[in-house]
Amino acid sequence: MFVSNKFLSKRRGKGVGQGKVSQCLAMFFSVLASVFIVAAAQAEVPNAKPPTGTHSGEDVPQPIEFPHDIHADINGINCMYCHTYARRSKVAGIPPTSKCMGCHSIIATDKPRIKKLTEYWENNETILWNKVHDVPDFVHFTHEKHLQRFVFKNEGMDVANVSEVCAFCHGDVKKMTVAKKVKPLNMGFCVRCHEANDGPSDCWKCHK
Amino acid sequence: MQTKDINENIAWAKINEDVLRSMENPRMGYWVALAACVAMIMCAVLAEIYQYQVGMGPSGLNWPHMWDLYIATFVFWIGMSHSGTLLSAILHIIQADWRKPIYRFAEAMTLFSLMTAGLFPIIHLGRVWNMYWVLPYVSDRGIWPNFRSPLVWDAFAITTYMTSSALFLFIGMIPDLAICRDNARGWRQKLYTVLSLGWQGDDRQWRHFRRIYLMMACFLIPLAVSVHSIVSADFAMSIMPGWHVTTFPPYFVAGALYSGCAAIITLFILLRYFFRFDEYMTIPIMEKTCKLTFAIAMVWTYLNLIEFAATWYGHDPVAKELLIQKFIGPHAPFFWTMLFCGSVLPFTLAFEKLRRHMPTMFVVSLFLNLGMWLERWMIVTPTLSFSHQPFAWDIMWPSMVQWAIVFGSFGWFGMLFLIFVKVFPSVSMYEVKEMVFHRRHYHSDELESKFHRRAGDRQSDADPSREGA
Amino acid sequence: MSGSDINRRDFLKFMGLGGVGAATLSGCDMPTTITLEEGKEKVVAYLAPEEYAIPGIGVTFASTCKQCPSGCGVHGRVREGRVLKLEGNPDALNGKGLCQMGQASLQGHYNPDRITQPMARKGGALEPVTWEEAWKLMKEKASGAAQGRSAWFTGTVSGHQSVLLSALNKAWGSKDHYVYEAINNAVGEAVNKSVLGDAAPAYRLDKAKVVLSFGADFLGTWVSPVHFSREYSKFRTGDRGVLIQVEPKMTLTGGNADLWVAARPGTEGVVALGVANVLLSKNQVDGKQLPQAALDVISQYGVDKVTEISGVPGDTLVRIAKYLNERSPSLVLSGESAHGHANGYQNAMAAMMLNVLLGNVGETIEASNSMAFDELKAKHGNSKAMLDFAAAADAGKYDVVFFTGANPVYTAPDHLAMAEKVAKVPFKVALSMFPDETTMAADLVLPLSSPYEEWGTSVSPYQPTDAAISMSQPLMKPLSAETKSLGDILLSMLKYQGIKDYEGFDDYYAYLRSELDGLPGSVKAGKDGDEFWSAAVQRGVIKVPTKAGSLKVNLGDVSPGGHQSGGDYPMHLIPSSNQTMYDGRNANLPWLQEAPDQITKIFWDSWVEMHPKAAAKLGVKEGDFVRVESDQGAVEAQVYIYKGVHVNAVAIPVGRGHEEYGRYAKGNGVNPLKILSSIVDGKSGELATHATRVRISKVGRSEELPRLGGSEVQVGRRLVNTVSADVFKRTEGA
Amino acid sequence: MSLKNILENWSHYRRAHEEGGHHEYEHMWGMAIDLNKCTGCNACSVACYAENNLPTVGKDRMRKGQGLHWLRMERYWDEPDLGGDDKEYQERGGSFLPMMCQHCNAATCEPVCPVAATYHTPDGLNAQVYNRCIGSRYCSNNCPYRLRYFNFYSYYEESWPEPLNMQLNPDLSVRDKGVMEKCTFCIQRIRTGKDAAQREGREVKDGDVVTACAQTCPTEAIVFGDLLDKDAQVTKLWKAQEVELGRAKQDKSDGELRGYRVLEGLNTDPCVMYMDRVREA
């Protein structure tokens, strides 16, 4: 009662109510815009805004504790050197053991992890890795399309920096040993990025 | 023969005493009835648990019968909820004071039948656990319900109607709750103290009370009409023969009022008998209710005939085929029973002798409601059985799971109602007092005399009380 | 609140990342590990994958379908080491397109009831044994068999399997190789052979303008349905041909006929003579093509007499004759329901007479191109083989019998007492994928790999225009390590017999490679061994040169043979075959069990087709159980009533009523073959499947028929509209 | 968690949704089915089972009408032949009608879904998003063709006992109880075809995408393709029959053309054109 009377009287008396409202709106939108700008500035990949939101990753036990940091960070190996299917298939793929052995028949052969790897190779046994990043069964996600958009057909993007694109969803794997899930990878996460980067909004693009 | 709506000489203290007595000391019969209701609910709960775990299969639904008793019963209960509002709000506005002794339980009936009806769209969902997706809420996925869908309109309409009806019932009950508070002890006192919101009965409170009550009544009338129109949109908005009917909104509203009035007659007689409310729920009031029901029944019959005629002389061979199937197909026994119960049986209400005979009216009102339930079933199912694609024609009878849940819904309604009559006054004490007061001091004599004059009773001119005044 | 929190079990997807095992063979990996709990799925790293094996992307490999004898080429889509879907191989003879049996053959491959290890009979029951034990048993029992006391009982075999089989029989000194198919064209082949000198000439449906078919269900089960469907498509476009079907029960082909004529079972020959009579009597054609003996017979069958015998109205005969006369070339075919009688040979001969009369030989019936490699040709199955085998087994002629690709214990009529006769053989070996009736009667069961797990070659029995060897290659690694291909088993047996020629081969694959290497240069088109091999495997077929054949015309006796009266058994029994169950081999495939029969739309069960008049006379309605009783026994099934069956006949589909054969087949429906009377075709000695007489009685039970669909008619709605052929020709005709 | 997301990323939710109204279709997938060639052999239906992870439900449930058959082969008898005693036999055989989701452009199922689980894609497809479906079954009730099927049970364990489940196509989900499903025009194949074309840097051309039913049809009665592609076979067939999208009643110059769409008068504007069955008079 009290509030509405006051509001009404002001509007009637001076006719500035609308001005106030527009001021409020302007402020609101400028705040929004600054959020956008800040969010955009955080992105290092040209023409792309990464989704935000994190997920506290738990350690996933793996048959061999593969050190991503040694490979990707210290030795600077490109992600797509090993995850070679990423650019042409839905799945990024775990590198075949033959690829590991390509280097590790010579390099660091005395390390216990490499010994374990060599054992697998010599016994003709496949390594069963535990899945870290997974989307639900009703989701159609393709690495190929995302790499096309953000790496190969992205102006100003150097393929050498592909790990920044990967980090959108996989976190900074360079700093991890065994990969952990640090992004939620749920629909909200996907939708945010799709909205920010004008990705398709058609349900059937991602649901099957 | 009792001709007056109410005995104007009834003492106010007796009114309080009679109504409060009805809320006390449940007898054995009450507990048995309550137990029976709970047992009925248990049937439904077991059936629903089974259906929840296994899927919709056990309900006997199939291709092409994706809907059946659940939706039919949903419409039935929604329909039943309409007469409470009718009696209460419309009659309140047109100042028909004979509503006063009976509107309370009618409104309670509205609320409880809505609470029953609301369960069915949920039960019939294939994935009940996701039912909240029908509601618009902000989520990080940025997706919304489909606002074009009549089912979403249903969700809005029903929740709005339920909230308003509950408020209307509650607001109208506040002065009575204060009476209860003043007479109660123990937990009841605490409950009524909270619920009566500090009602003291002073002038300011009465003034506000009158105003808000009238406003609510005005708001509820269009709402009630719209709710059932929206429910009819579930069918009328579709493309199926027998559903895609222009007259459905008024047809549904008429059917709703009809079944509601029939239910009021049933409950009227039960309450009158068990709570010995003979002095409040009088035969003349009963008669008025019956006349109202008869009028609505005729409207309903008329709308039915319109629909048949429009289909028969219309250009849609598919709809005509369906009508023929309804007349002579596998559903014909139910269809004709529905027409008999809905259009022929109400003529019993036209006879004063029968109207005044409570056992007859009790049985008739039950059959009227059976007819109305069959009507809903005959709207939903035959259309699915005989639609556009003849290859998908099929006959399907509901399974035990569906029957159990429908059966249980009556138990659920009964249980809520039974609890209500023992916790809240099922006759409005303050309004009966008003009625008595009005009759005694203002226009009751005139009304009575008019009534008698119209009835050709010359004796009224020589009424001693009139001369005395 | 999140919408993606749906229970994992709601939506199962097999997000396979690679398969286990080295991808050394083409597309052969173990299937992806499937676990359903979230977070516990494994990602598998290949050891050293082929370049084309990209996880998440399907690869296509060619192979051959073995679900029916026609042997269509298929393409299998393989992903993550699992074959997911079959398609027709456009390079193969039958081309793009596959029938429902071919589609469902995948469920045979993945069948949960497959035999996964050798089994031997120990104390009455079959018990799992190791391969070593199985071989030991073979050595003890089989190899010890005296010269000529062993036999093979198989379905249609061809290609190098056939070569090895012959070699093995030769090594054992036995000539007895029974090739049995319950659904066959043996009578027709016999007539073709005698009249034309070519058992399987090319029927050119695409060239014909009228096809008059006496019970030949060429769209359903006759000879090579996919091939004929493709031809039918051409037959119906442009200058659209007319299809007339004369048969006692509507088959799929009958369902597509312009004119469907119900003739009394066994009188198809008479109808043919009647048509010829009309053609000749009205001087529409001259009879100089026919020998005088035939003309004499024809002249005896005037319209009235034919109507009396066959029940086909005179004006219908005239109408058929009119079509045949007005449009040419025509083609007259005869099939199952005409052949399966004591006078089946004469029926086929009468149909052939019409072809001769109308001058179709050389026009729409062409000489087949004979394939260069005789030893690879398909051995056509027939039912006489089963009768002969039953007699021989009964006489105690064999010590050892090998069964593969045939299920005589199921398909043999009760009067043959096949189970007892098989039991008389001291040592029965079944090489089988499934625990069917015959397999379960064996003493030793050797588990076969599926056609999609093995290497092989095959040759279609019906090769109308081209000749080719179809290649089979494994589409995936065997599901069970214990199964072996028939080729491998044969090779091992040969090696055991000490046949020098085969000792150099490690396995059937090595043998095949060397055999194909040895093909003449004309076939290899100048390619060297490896190149030729990979091309063959890639295309799925090897086209081979053909010898142009020629046809003679030497018409035999066309008199139609007698018709016995039914006596106590007034009705004819038609054990109809259809594309869902075929001869019963498809009963273990749930897709085909659930696929409604094309005509009646009934699934998962057997039924009895009756004409409305017959049903009214008996007083039954749809869904009632009736008892169909012959002199050999009785079966009970539900009635389906429609106007697609002769008034004096009932039809029961073949293929259900299994006593064994896995969870989907067992105890499902009835087997009408069991109650067949012991009648054989007089000339060819084939089992007369359609000659049984039965009587029908009510059982008194009734149940809703397991049938898809509500209304049988469109109730005036324009769902399928029919236009006349004239209109079609005017607007779309060539 | 999601609440946290909402608060953190509020700005995204303030964004207006894409403009409604008319938009250009990228493709308009459609079919032409020639009932003159169709023999009713049912291969398409089984191919559909194989491609789309359709469960087999068994005799009793199938009889109850709880089966799922996205592509059903309907068979009708000629009307004068039934009922009347004028003819003793079905002289013209049967009428076969393969019915799969007609992918109506004015689909009646779409507006009634309360949660928008079914909608129209930019490819002109009538989509069903399984994991959004809550199972109100309204869409199926409002489909005049009755081409939507409901998962009345959980079929996974019964229908695919090991190792049958290895045949399941990983490109689409296995639906669980309570979900509506229907023919998708083999969306997974459309996806694969479009991806392959994009990989090769070209437009999708006719023949890149073939549905399972069209691919297996032995008589090639089913033709599938993009109706926006002028060179596609399906477009040519539609044109030859003078059938057009967006018209309830086909206005044909030649009254003898065979092309029509089922229940055209309902104005659902389906993307599947049928061509009349032909029989000698």
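Going in written order, the chains are labelled A, B, C and D, and every chain counts its residues from 1.
In this section, a contact is a pair of C-beta atoms (placed from the backbone, for glycine too) under 8 Å apart; a residue touches a chain by one contact, two chains touch by 3 or more.
Here the structure is a predicted model, which is why all the values come from computation and not from measurement.
Q: Among the chains here, which has the CA centroid at the largest distance from chain D's centroid?
A: B
Q: Specify the chain with the shortest distance from its C-alpha centroid to the centroid of every protein C-alpha atom present.
A: So the chain nearest the centre of the shown protein is D.
Q: Looking at every pair of chains, which has the largest contact count?
A: The chain pair sharing the largest number of C-beta contacts is C-D.
Q: Can you compute the centre-to-centre distance for chain A and chain D, using the mean CA position of each chain? Integer Å is fine.
A: 35
Q: Between chain B and chain D, what is the gap in Å from one C-alpha centre to the other?
A: 43
Q: Could you state the distance in Å from the CA-based centre of chain C to that of chain D?
A: That pair's centroid distance is 31 Å.
Q: If you average the CA atoms of chain A and of chain C, how far apart do the two points sit, in angstrom?
A: Those two chain centres are 55 Å apart.
Q: Going by the contact rule already set, what residues in chain B reach two or more other chains?
A: 130, 133, 139-143, 388-392, 394 - these are the residues of chain B that touch more than one other chain.
Q: For chain C, write out the residues touching at least two other chains, lowest number first.
A: Those would be 1-4, 6, 10-13, 15, 709, 711, 713-717, 719.
Q: Residue numbers in chain D touching 2 or more other chains?
A: Touching at least two other chains: 1-2, 5, 9, 12, 67, 72, 74, 76, 97, 130-132, 154, 172-174, 179, 263.
Q: Which residues of chain C touch chain A once you look at their complex with the stated criterion?
A: Checking each residue of chain C against chain A gives 2-4, 6, 8, 10-13, 15, 17-18, 20-22, 33, 38-49, 54-57.
Q: Which residues of chain D touch chain B once you look at their complex with the stated criterion?
A: For this pair, the touching residues of chain D are 2, 5-6, 9, 12-13, 61, 64-67, 72, 74, 76, 97, 99, 108, 111-116, 132-138, 140-142, 144-146, 149-154, 177-180, 263, 266, 268.
Q: In their shared complex, at which residues does chain B touch chain C?
A: 130, 133, 137, 139-141, 143, 317-318, 321, 388-394
Q: Give every residue of chain A touching chain B within the complex, in rising order.
A: 186-189, 191-192, 195
Q: So in the complex, the part of chain A that touches chain D is made up of which residues?
A: 32, 35-36, 39, 52-53, 88, 136-138, 140, 142, 144-145, 148, 184, 186, 188-189, 191-192, 195-196, 201-204, 207-208
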